[in-house]
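Two complexes follow with chain A in common, the first pairing it with chain B and the second with chain C.
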Partner chain A sequence: MLKLLSHATKISGMALFMLWSVGPVLFIVVSSLKQPIDIFAYPPQFLFTPTFENYVSLWNSWPAFFETMGNSLIVSIGATALASAVSFLAGYAYSRFSGTWLAASAFYMIAIRLLPPIVVTLPLFPVVDFLGMSDTHATLIVLYAAFWVSLFTMIMKTFIDEVPRELDEAAFVDGATRFQTLWRVILPLAVQGTLAGAIFVFVFSWNEYLFALIFTTNAAKTTPLVISEVMDAIYGTDWGVLFAGVTVQIAPVVALVACAQRLLIAGLTAGSVKG
Partner chain B sequence: MSKTIMTRRQALATTAAGIGLLAAPAIAQERTLTILSHKVHENVARGAVAGTTGGDIAGEWAAQNGVKLNWITADIDPIHDRLQRELALRQSSIDVALIINKYATPRLSRLLEPLDPWQQRAGIAEFGGIPSKLLDAVRIDGNLFAVPYRHATTGMHYNEALLAERGLSGAPTSIEQFIDYARKLTFTRSDGTKVNGLSVPAGAGPFAVLSLLSAFGAEIYDANLNVKADGPGMVEGLKTMNQLFREGVLPSNYATLSIDEVITSMQLGQSAMSCDPFARFTSHNDPRRSKYPGQIKVAPIPAKGGGFVAMTEIWAFAVPKNAQQKELSWSFVRELSSPANTIRAALNGNGPVRPAAYSDSRLQQNLPYTKEEAIAIANAATLPSTFDASAQASTVFMEESQAAVIGLKTPERAAADMRRRVEALIKR
Partner chain C sequence: MTNRFAALPFLAPVHLLLFGVIALPSLYVFWLSLNESSYGTDLVFVGFENYRTILTDPYFWRAAWNTFVVVNVIVYAELLLGLALALAFARKIPFKPLIFAMILVPYAVSEVVGVLVWKILLNPNFGLIGRTLADLGLGLNWSSSPSQGLAVAALIGVWHHLPFTFLLLYAGVLSIPQSLYEAARIDGAGSWQMFWRVTLPLLIPAILITLIFRLVFAFRMFSEIWLLTKGGPARLTEVLAVYLYQGAFRYADFGAASATGWMMVIGSLAVASIYLFEIHKRMVKGDA
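Up next, the complex of A and B:
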């Protein structure tokens, strides 16, 4: 009896946890398939005939939503690539070398990360304007990458620390340059960390709002800005269209994480020192 | 290990070249006019919403002048954040901005182009058709720095179906009757829907709440910045609202109620009446979203002792002082502000700043509330923003009025604190 009670408690706890985590996302996705009039209806309608009306409205009323997805993709891929490259190299430096200046730079990097982003935008806006880089993908790519480089570097340092130095030395003995060692020995063994960090950067860049709002207008405008416009403070939000937009917005991220899950979980470094 | 895929130098060069390519300015070479506004302004100026009949006013001007329109849209606060950043630059890329009067402070006005000289040189047709109280909202020290384009004036929305369900009919004609209606309309329907008699977006700003309180004679401060926040009208209004909150007439989440929540609750019959701008009529009766299309009506808010009250917010065209094509900017503003185009924009869903527009038969045919809105705007007041801390004063009003309504403070204490805090902001 006691065992049964314990089992029931566990299942209830798990169900509650699932409801807490998945509930809001499920609500958005399901609501996007409802008639707008039924979304907040009372009593709530759990059984309904799905409709794509909200997606059609999104397509017709907010063409900018889909147009800006291209910008979001360019910026997210660019920022992820840049942050991954820089963080991998920096992580290697912090892992394999030491010194006062390196330690100071690590401290500085973390300290800068602690600044609230809105504060950073104040001096940055005139600088970006002066450089003629307002409303360009490059600005967002550099900003997003810079925002994540500190944390990503520390992730990479931890992963590269796990790669035995003997492998570096063996590569050097074989005549490899440092760059070849990095590319052919360290990177394959640290790919799991790189991928984890890259996903963080991608998801952040895909959803980021503040920097995009301040540094873009039209040419590099990203999708979250359009979503914020759908949340209309003048005529009121069209919830169905909003939920359709959010569903489309989260779909690539969910797909990415689902695809990368195997790589994230797999212990790619396992056995690397066993020859 | 002799085979190299890419050298470090090559990798760096490729990265730098890639960034350089992406950094290439995306500015077109043709003459472009950049407008910063809310999406709604683009829609009404371009007739972009299906079913509207005013046509593409801005597009026609652009075609005549060989100009490409670059419309930057965002929500209300982000627009003003962006504008202020742009105004701080040596040269702004914004040619025309639509600003809301609550942010039209002296500090902002100093960074905007004075428009009196432009009006004297190449004036907007029949400029006197725009009421002086709307123009006063965008004047500081007698200097015009923006041209009103859209107004949002509050009214009293009521659901006729719910009124009928409770044995009531027609809009309340006095504030006492309005309160009585709100009480009677607070009930639970047969399907279990709990109906609040009255909703006000108290969490979204001072505008709607102040409209209701002004029915009792409440005022925060007058045009000369004399603070009147602890006047008998404010205290009585807060006492009444506190009573309504305790009775469950106002929703239990009163202090955080957003515009969206009020609209949705009206659409679904979860609120029977609301104080909100007239333009919400369209959302309330939208057949896609409303359970009561055509049954939610709007009327002016009755004032204590007779007459009507309303608050109005104004969106106005402004030209940054650091804009680079001011001739073109003014030409655009002048064209969109003409009497004929004011009516056309109204047909596209704009709140017309020229009262004469309400006499237009096409508008009367399209909008069933033109007569009521004309009455409201004739009685409407604006919240002056003629001191730099006016936005903070609005926040103080919200904090203190919410504290009184939900019972954290007595109405007298909240009103006294409001007066003290607002006075300090004005003196600052």
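Up next, the complex of A and C:
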């Protein structure tokens, strides 16, 4: 009896956690399939005929939304590619070389990523403006990558540590240059680490708000920014269309995270738990 | 080692990026904080005047206090919930990958979307939860009550970052060798004893890292407050990042904003100092 009770507590506890995590997102997705008039019906309707009307309106009446999706995609892919490339190189160096200066630079690299991002916006804002770089994809790409290369480099170091040094030496004996070894030998064997790091950067860049708010106005505006603008418009928010847009915005990343559980755990273990 | 500079080309890109985007700007903020400046005006050196300005500004202290309270509430709530989840997942549960994926969902969602959906759900006039609460006589009104504004922001913060906390703790739980549990079982330990004598002591490093990471990252909190209350009513729900943003981009007082920024840098490093000290020790020993 007591065992049954403790089982029941555990199951309902888990169910609560699941509702807490998924409920709000489910609310958006389900609402996006309702007639606008039914979205805020109280008590809520759980049984209804789904309609894609909101998605049709999104497509027809809010083309700017898809432009910002395009910006988000460019910025996220750009930041992920930049961070992956530089972190892979640095991870290799930290794995294969050693020395006082190297250790000191690794320490500095970890310490510096702990600084609050908003602080760097103060001096960068006028500089970016002066360089004519405000409201460009490149600015966001560089900023997003910079705040992730520390963790990413540590992830790469841990994964490259697992690749036996004998392979480097064998390639060297065969006459391969360092860069050839890196590209042909190390990268294929450390691809899991690259993917793990890449997911963190991509999810961050896809969802980031603060830098986008400060450094973009129009041409490079990302989706979170446009969602925030619409939700704050007090009058005439078309909730059905907004929910359809939000569903489109979150779907790819939620799917990515759901499929990449193992990579996320591996990445966090490699990048932070081991230091 | 053939050449002590051989590592340089591999390290240069990362360190250029970090130096140009984070290190140099952060140091420059200190210089800015010693000057008077606004849009289109030259810097005028004023010494520590900006620090005097913010340290005598009641709004700064209000923001600092709000940050302190909200950060602590968020981080410790996450730690408890995350620990419960991590321990639950260490056992056999049915549909594990599916439930795991569900728990991770908030991590994949933008802060903007998180604020949007909770704002709607909790709205006392048309929100699913808010209206139910209102019917029970607990009508929320965070646009006029600062403590409710902060509480809702903390709730959204926990919702968002629990998956990250959980992942860090779960990675720690996974690294505890199963053989220890078997040995404890042979010695006749019950599950409660196993938790106190085996799991918890071995989990302390993971808990510490999680705590410091989350403290440092929660300290930056901006979006939840900015999107929920804009720091209002009457600047009473501002946190430090919002105070800084207002100073720089609304009042165009870059000197005072930079002084706030430099205080945040010092605060972050102070919180992280234990972690950094530990890492430094391990690096000196050469096994990091």
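Observations
One rule holds in what follows: the second predicted complex is superposed on the first by the 226 of 275 C-alpha atoms of A that agree within 3 Å, B and C clash if a C-alpha of one lies under 4 Å from a C-alpha of the other, contacts with A are read in each partner's own complex, and residues count from 1 in each chain.
Definition applied: a residue touches a chain if its C-beta (ideal position, glycine included) is under 8 Å from a C-beta of that chain, and two chains touch if they have at least 3 such contacts.
Computed from a prediction, not measured in an experiment: that's the story for all the values here.
On the superposed chain A, the two partners chain B and chain C do not both fit; they clash. Of the two partner chains placed by superposition, chain B and chain C are both touched by A:85. By the touch criterion stated above, A:231 is placed in contact with chain B and with chain C alike. In the superposition on chain A, contact of A:68 is made with neither chain B nor chain C. Contacts of A:76 after superposition on the shared chain: neither chain B nor chain C is touched. By the document's definition of touching, of the two partners only chain C reaches A:17; chain B does not. In the overlay built on the shared chain, the residue A:261 is in contact with chain C alone; chain B does not reach it.
Taking chain B and chain C in turn and counting the residues of chain A each one touches, the greater count comes from C. In the superposition on chain A, contact of A:142 is made with both chain B and chain C.
Applying the stated contact rule after C-alpha superposition, one finds that A:42 touches each of chain B and chain C. In the superposition on chain A, contact of A:192 is made with neither chain B nor chain C. In the superposition on chain A, the residues of chain A contacting both chain B and chain C are 40, 42, 85, 125, 142, 214, 225, 228, 231-232.
Interface residues of chain A facing chain B in the complex, by the touch rule stated above, are 35-37, 40-43, 74, 78, 82, 85, 125-126, 129, 132-139, 141-142, 171, 174-177, 179-180, 183-184, 213-214, 217-220, 225, 228-229, 231-240. By the touch criterion given at the top, residues 1, 4, 6-7, 9-11, 13-15, 17-18, 20-23, 25-26, 28-29, 32, 81, 84-85, 88, 93, 97, 99-114, 116-121, 126, 128, 131, 159, 162-163, 167-168, 170-172, 174-175, 206, 209, 213, 216, 219-220, 222-223, 227, 241, 244-245, 248-249, 254, 257-258, 261-262, 264-265, 268-269, 272, 276, 278-280, 282-284, 286, 288 of chain C touch chain A in their complex. Those residues of chain B that touch chain A in the shared complex are 1-2, 4-8, 11, 15, 18-20, 22-27, 34, 38-40, 70, 72-76, 78, 81-82, 85, 88-89, 93, 152, 191-193, 204, 259-260, 263-264, 267-268, 270, 279-280, 282-283, 288-291. Interface residues of chain A facing chain C in the complex, by the touch rule stated above, are 10, 13-14, 17-18, 20-22, 24-25, 27-28, 40, 42, 44, 85-87, 89-90, 92-94, 96-99, 102-103, 105-107, 109-125, 142-143, 145-147, 149-150, 153, 178, 203, 206-210, 214, 223-225, 227-228, 231-232, 246, 249-250, 253-254, 256-259, 261, 264-265, 268-269, 272-275.
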